[in-house]
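Structure record follows, encoded as structure tokens.
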Amino acid sequence: MTFKPADPDFEARVRDSFSRQSFMTTIGAELVHVGPGEAVVRVPYREDLCQQHGLFHGGLIGTIADNAAGYASYSLMPPRNSVLTVEYKLNLMSPALGEALISRALVARAGRRITVCHADVYAVSDGVEKLCATALGTFMTLENTSDHSLGSRAA
Amino acid sequence: MTFKPADPDFEARVRDSFSRQSFMTTIGAELVHVGPGEAVVRVPYREDLCQQHGLFHGGLIGTIADNAAGYASYSLMPPRNSVLTVEYKLNLMSPALGEALISRALVARAGRRITVCHADVYAVSDGVEKLCATALGTFMTLENTSDHSLGSRAA
Amino acid sequence: MTFKPADPDFEARVRDSFSRQSFMTTIGAELVHVGPGEAVVRVPYREDLCQQHGLFHGGLIGTIADNAAGYASYSLMPPRNSVLTVEYKLNLMSPALGEALISRALVARAGRRITVCHADVYAVSDGVEKLCATALGTFMTLENTSDHSLGSRAA
Amino acid sequence: MTFKPADPDFEARVRDSFSRQSFMTTIGAELVHVGPGEAVVRVPYREDLCQQHGLFHGGLIGTIADNAAGYASYSLMPPRNSVLTVEYKLNLMSPALGEALISRALVARAGRRITVCHADVYAVSDGVEKLCATALGTFMTLENTSDHSLGSRAA
């Protein structure tokens, strides 16, 4: 599916928002790519991001699935709006072992108020990506709400 | 609902597993309570755990919802088993603003192989808890699999 | 939690909407109860509502979980609005065997635009209710949209 | 993704199971196609399958999403096993209006015990398919459990 962005400067807007999320810095996440209705987030392996077996922690997988899907959704919204995660669901499918995690998100449907987005998460081992999780989420457009102001999840 | 744990030493086992998750140390999470079929995880506010508006990041909310639910489920499993998150779904309901986040998980049904668990997440502001998210997840018992060995999400 | 309905005549409005759903008649579903933020739907056993083992079909369980949750949410909305299911998630937990299925829904949070609602589904056998499924769903308020006009899931 | 079925006679096995679901007959559903890791279910429009606006009822959409996904998963299982829906999540995206509903399911990952499967649901209007819903579900293999015996959701 191809999407036409409402805002030609969507990439700068998305990158600016991502850069203001301190938690992304804490976990070392990078916004690798953003296109109309798509986003890719990457986290290199670190020993302090693990669960009890030395695999990437599931919370980290959920974090970048939600984040990539949220920014894929945000890429299609008009400039004066901001984005809110309403909910998401995540299936963990295989061990998240390797030198990096990559989340690739793609919008399934962008409505005026509600956007539905898929995200697949891959563990990269010796450069080979293996699917380790898949997510499906719902995102809401907050009209006339700057991404710089205090957002409300109250919706 | 009251549950009878299969392992009288469940608390030590759960706390040991939690303590080996490096990501919990990274985010400053504490396992505040564990009972039969229940667990409570708390994360104090830090500036490096936020999204773009200075609220707790949604990924952090998902992380402690999944973690509290996973350990609530694990508390009911026999000693030689370990636990795997199959999937979870999270609804974000109101702004996660305050001095701490608390996730309270309670098992809905514990089967031999599959456990279903709810978790509510509260933002604590001036000591008052406000519900900010709710999750519903599915956890699997890995039989005869030490929580100290490399777990597999392959199931 | 107690809710104060925006519309004192919510019950008549909910019952009217339910009565216009032909699929509820087809499956023999009855709206047993509706209160502020809550609804109960019941389906008596019939041989033509089953899966391959003579249990209630999972699709029927999902149908009444969604329906009870949707009407629990609708009960709190102002009179000129209608309700839309954005999404739901359903965990099937034990065999749905017995003389009836009952879905009990309770709103977790009612926002201006988004309502989040839980529904538990019970199989009734010899008058005893046993929890067989649990759902968590998201419902949207369509402002100034009559429930009698053609609704749009486009949102 | 291509899958190699464990049972060369998977199609006969899947069709036999589908044919024993009385609820599929009640709603007029047909198993249009089954391949390794995929299944398609179709329901023609009937006036008694609707919600309050004359659209296909959401419960029907969930029913065939779950069913197509369950049988796509079952197609990959060894012959002496049966399949159980653990849970699914469904996003409703646009009005389900037209002469038929079609659900197309595709397995994302088939493990020994757990299979994860996507299903997209389309409304067919004048022969044109429009995406109206998407689902993501988890299915369990019940080993050495005939699909003809009383299945248990107890897992």
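Chains: A, B, C and D, in written order; residue numbering restarts at 1 for each.
Keep this in mind: contacts are C-beta pairs under 8 Å (C-beta built on N, C-alpha and C of every residue); 3 or more make two chains touch, one makes a residue touch a chain.
Keep in mind the model is a prediction, meaning the values are calculated, not measured.
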Going through B-D, A-D or A-B one by one, find the pair whose contacts repeat those of A-C for over half of the pairs by residue number. B-D
If you tally C-beta contacts across C-D and across B-C, the winner is C-D
What whole-number Å value describes the gap between the mean CA coordinates of chain C and chain D? 22
Once you find the CA centre of chain B and the CA centre of chain D, what distance in Å lies between them? 31
Euclidean distance of C-alpha centroids - chain B vs chain C, Å: 29
Residues of chain A that touch two or more other chains: which are they? 86-87, 89, 91, 93-94, 111, 116, 138, 154
Quick check on the complex: what are the chain B residues that touch chain A? 17, 20-23, 25-27, 47-55, 57-60, 62-64, 66-67, 70, 84-96, 132, 147-154
Interfacial residue positions of chain C with respect to chain B in the complex: 89, 91, 93-94, 108-109, 111, 116, 118, 131, 134, 136, 138
In their shared complex, chain D is touched by residues of chain B numbered 86-87, 89, 111-114, 116, 138, 140, 154-155
